[in-house]
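Structure below; questions to follow.
Letters A, B, C and D mark the chains in the order given here, with residues in each chain numbered from 1 onward.
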Amino acid sequence: MATVPGEFRFGNFLASIIWIILIVIVLVTLVILPVIFIVLFYLPLPPVNGEILTPYLFLSEVVDPTRTLPIIKFLIHTTPFKVIVFPGFVFAAIIAAATIFVERKFLAKMQLRVGPLYAGVWGVGEGILQLAADGLKVISKEILIPSGADRPIFWAAPIAFVATAAAVTALIPVAPGWVVSNTNVGLIAVFAILGFFPLIALLFSWASNSKYPFIGGLRALHQMIAFEIPFILSALSVVILAGSLNLTEIALAQHHIWFILFLPISAFVFFISSLAELERVPFDLPEAESEIVAGWLTETSGMIYGLIQLGSYLKVYALAALFVILFLGGWSGPLLFPPQLGPPSINTAPTIEKMLTLQGFYNHLTVNATFWFLLKTVVIIMLMILPRGINPRIRIDILLHTGWYKLIVLAFVNMFVALALVYAGVLGPGGSLSVH
Amino acid sequence: MSSQAYQNNNSNTHYIINFEHKRNTTEISSTPTVRTISSSGSSTTTLRTKVSEPPAFEKGIANEISANFGQMVQVIFIKPLRIKIAVEPHNIVKVASFLRDKFGYDHAESVAGTDYPKENQIEVIYHLGSYTRDDLAGHVLSLATRTNRDDARLPTLINVYKSAEYHERETFEMLGVYFEGHPRNERFLLPEDWADIPPLRKEFRIKGR
Amino acid sequence: MADLEERINESQKLGMQIIKESDDDRLMTLSVGPQHPGSGHFRFVVKVDGDYIVHCDPDPGYVHRGEEKMTEYRNFIQNIPHLERPVIHDSTNITYSYSLAVEELTGIEVPRRGQFIRAIASEINREIYTLYWLAIYGIFLGHSTMFMWPTGDRELFIDLLEALSGARVTHAFNIPGGVRNDIPNGFKDRCLRQIGYFEKRLKEYEDIFYNNPLVRQRTEGVGILTKEDAIRLGVTGSVLRASGVPYDIRKAEPYDVYNEIDFKVQYMKTADSFARAYVPFLDMRESCHILRQLLDKMPESGEVRAKLQSNPRGPPGEAYRRVESGRGALGYYIISDGSPKPYRVKISVGSFRNMLALPHLLVGAKMGDMPVIYWALNYWPVEADR
Amino acid sequence: MFKDLINPTHFNVLVGKLGDTLIKALDKPLGYAINWGRIWSLWPVHLETACCSVEFGAASGPRYDVERFGIIEAFGSLRQCDLIVVQGTVTRKMAPRLRMVYDQMPDPKYVIAMGACAITGGLYVDSYNVLPGVDGIIPVDVYVPGCPPRPETLIQGTMLLQEKIKVSKIR
């Protein structure tokens, strides 16, 4: 409801418009242009299709469309882009944000209600901006640090939480070439990083210096340690079949037959222990509301809470993607996308049409791989959201009992099946069914 | 039952409750029966008729109690499903354990304290019910005692009826009746910093009235 | 050991005071306070040794509003609105025994149709209360769907009572002398339709909650209240019936029209938290059955309310009447001294009596069992504090 | 809109509206966005003071579903919450706890006094243990009358609070 300001005069209105135009001119000339020049003149620019990219060439190419595409293609393949945008943080953050929104709507529909509705009312859809609203509010809230709290750890732990979650996403290959770090020991690196989480939970709860977080932190520690071993054992049987630790090779090994057909039990064990790692509902003990007031998150307020929530949903994406790579064959799937977007035209098509069909830029294999990878990850994420609607929280000793006794045994069972397959020569290195 | 008068020959205090209501004269155990719940058909309710003969079953229980305790127990009234007996404070524990063991009144439903400033007395009534005996299922026996209002002290019935623990504690807080032997005669429902007199006493006026 | 002694006396010389590590240092005292999501308006201090609860001390009184004192300043009819506030979602039952006691004192006789409508309203209110209790029990177990489904179905019952009395929860419908007004036409088949739908929904509750293995794992064998303990502690209602004592006031001391209804008292013998959670569920199913009988036995026409003089009063005397509310036997002990205002009203509620079982059950239980045991006692703090 | 142009007296009002939206949208874009964020994600603290909590539970149920407005009720710790709904009577024993909860909450916090007892002591104004109205201990933003207020009234109360936040200055 716009209220008419008291003493409004037309002159003020005009003055404010001129004032704004002035600010824009000043900003552009004094800030933006110098930055561009510095980037162009000081940073060594890479050669693009044969010629050294001089600043002037770059500026002229910005105008000529046929040249912009190769530059973009070049920029995309550099590592900073991979780390920040595609298979790295922003991609995972977008999926994490989508997971939060979908979870609230999905849960609401399961509970016969509507879920966030009015947040994005400008015709954008029925609640799509709810996440933006939560984010903005959480950013703008005051951060309360309890009096006896250990200040440095209190600040470091949430940042470390998000960092480790992002680190896990960095190791996950989304498409054949698209992985941040294609190390040969990819799987072990993932488990090493996942080992950080209980440490961070305990450090943070210890630093917040109050009773309920302390209990929550201990529970987080017990829970994650108890479920680390079946987690690794179930992945071990995949390594036996795939014959290598490198995640890309594991995904490639399942080109014909996904490992879930051979290792259903260890897939189940992997899924259950990833639920426990993520503290999802059946294993929601570290932040059990009705027992220990939001567990180790009790003292988090404002942005610290925001960071931890972002980190935990990044972890949801990371572990879902890990499940997809280990058991559902990563990005293997029927080819759905045409080799070129446009008609099979000759090279001399006008530049605009070439640009529209993303001539030098569109690679149908990558797009197809990413599509299938995303499809499977979304399915797994929905599976991870489902138990929150139908299951209660279990008690800490039942949790530890299932972790130590039941899941480890199950993980072993499937390992024998894997070994039998390898010795029978069906799969594994040199096996009849295996890829190479 | 307008004004009850029951005497207690060993202590010379007379327990006479006389309300201003002067209508009917003192009767020891007149039992105005309001409603006879007949099991058949509609429940006929007789309006305030004086039924001289109280129901047999309750009469039997009351007689057995008074036979066993003679003068110590005073039967106030016997109504269908309700018996009220009055006991001296110092032998209430004996009567209570007798009731529990002999008759199977195994739990105390509630402890109601009432303040009679005119007689300078506080009456505490234990409503005893029975879960074990089926024929006693609907019955409630009110065990009443009276204590002086100024230093109200009563022996606790916790050892006989564990279920009366919180009720007695609340009566202490609300009426100031100190229960000897009760482990925790202290603040229960009222705020910690309650400095006023026990609120359910008649001279405690609530604001504005 | 010698140097330890030496160091101790030496430090005492310096004025330092060393306390030997007693039991208390190992225990951590937690206040499950009025703000804790695991305990509504109620606080209990819990001493925890690791994951086991060693000592529990309930501290009610956060919603003590002095109902009993206020009854002495209002006449019989004026007490109805504020006497139903302790359990606004079971308001017909909590004022039911008050009306019965006042009728016994003042000698009013309730017409037959009024008694039937009163019984119908109290059964619907029992459903509303139990559904709210079940919803909170779900959220205490972390089962958020189990909060939403009963709360949703409860709205339909609230519509029924809203048609009856005009208000969503605080009906003030049950007054000494009968019922405030007659039922609207079409109420009967609307009620039957709702009961039919509800019985199908009860089946679904069983599938998602009661037969859910995780819920079973979490509640079975937790907080065993043996039959002798239940009787000794004097608990009442579903807590008592879950320990194997088939005691229901509607059967033991039938009031109004309940002696014409044949229904079975639902009870279980396993005496653990699951039994205490399942008995209210069986009660809900049984009260659907009762509602059907009430609806077709109700006389078609007739008065619903006895003619009352302006300020009903009766000869001095006392009355103690009880009713089976959602939380067990709910009794009113009213002493009248002949004036229209009651001389003393003592409300004996089920929650206050069940509270005694809380420390008894929590000692020795695990931290995770705390909400499971606490809310299975069918405890509504607002009513316990009165 | 066009009709205003013709009538000169309304010209100033039209321009006023334009100027106002312009100033608000541009001068404080960030503030406007943050206010918008706070409006659509009010997280109430889990504090039940008395019998109105039944109606607050019904409000977060499927039929009235306050989560449409971004109000999620199941928050454990009060560090993450920014809205206290005083659900009913505040007794003298609950008052210090209520004040303590209010102080523990992070800064942009709002209070809705729900029910007649929270506003003025309502039905229990003459009881010896009840505060006549909660304004004495915590500053109240929105009063929601009723005993208990229907969930629709509660939602209207939250919408009033949202209007209040929309025009409030960014602290």
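Everything below uses one rule, namely that a contact is a pair of C-beta atoms (placed from the backbone, for glycine too) under 8 Å apart; a residue touches a chain by one contact, two chains touch by 3 or more.
From a predicted model like this one, the values you see are computed outputs, not experimental measurements.
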item: C-D compared against A-C, more contacting pairs; value: C-D
item: Most distant chain from subunit A by Cα centroid; value: B
item: Subunit C and subunit D: spacing of chain centres that average the CA atoms, whole Å; value: 31
item: Computed distance of Cα centres, subunit D from subunit B, in Å; value: 50
item: Distance between the centres, which are taken as Cα means, of subunit C and subunit B, whole angstrom; value: 25
item: Residue numbers of subunit B (touch at least two other chains); value: 190-191, 199, 204, 206, 209
item: For subunit A, residues that touch 2 or more chains besides their own; value: 111-113, 289, 293
item: Subunit C, residues touching no fewer than two other chains; value: 37, 61, 64, 66, 69-70, 73, 139, 144, 147-149, 152
item: In contact (per the touch rule at the top): chain pairs; value: A-C, A-D, B-C, B-D, C-D
item: Of all residues in subunit D, those that touch subunit A in their complex; value: 12-13, 15-24, 26, 33-34, 36-41, 46, 61-62, 65, 67-70, 74-77, 79-80, 82, 104, 106-108, 163, 167, 170
item: List of subunit D residues in touch with subunit B within their complex; value: 91-93, 125-129
item: Subunit A - residues contacting subunit D, complex; value: 1-5, 8, 10, 12-13, 16-17, 20, 104, 108, 111-119, 127, 129-130, 132-144, 287, 289, 293-295, 297-302, 305
item: Complex contact set, residues of subunit B against subunit D; value: 190-192, 196, 199, 204, 206-209
item: Subunit B to subunit C touching residues, read off their complex; value: 1-2, 19-21, 23-24, 32, 34-35, 37, 39, 42-43, 45, 47-48, 81-82, 84, 106-110, 112-115, 125, 127, 129, 131-132, 137-138, 140, 142, 161-167, 170, 174, 188-191, 199-200, 204, 206, 209
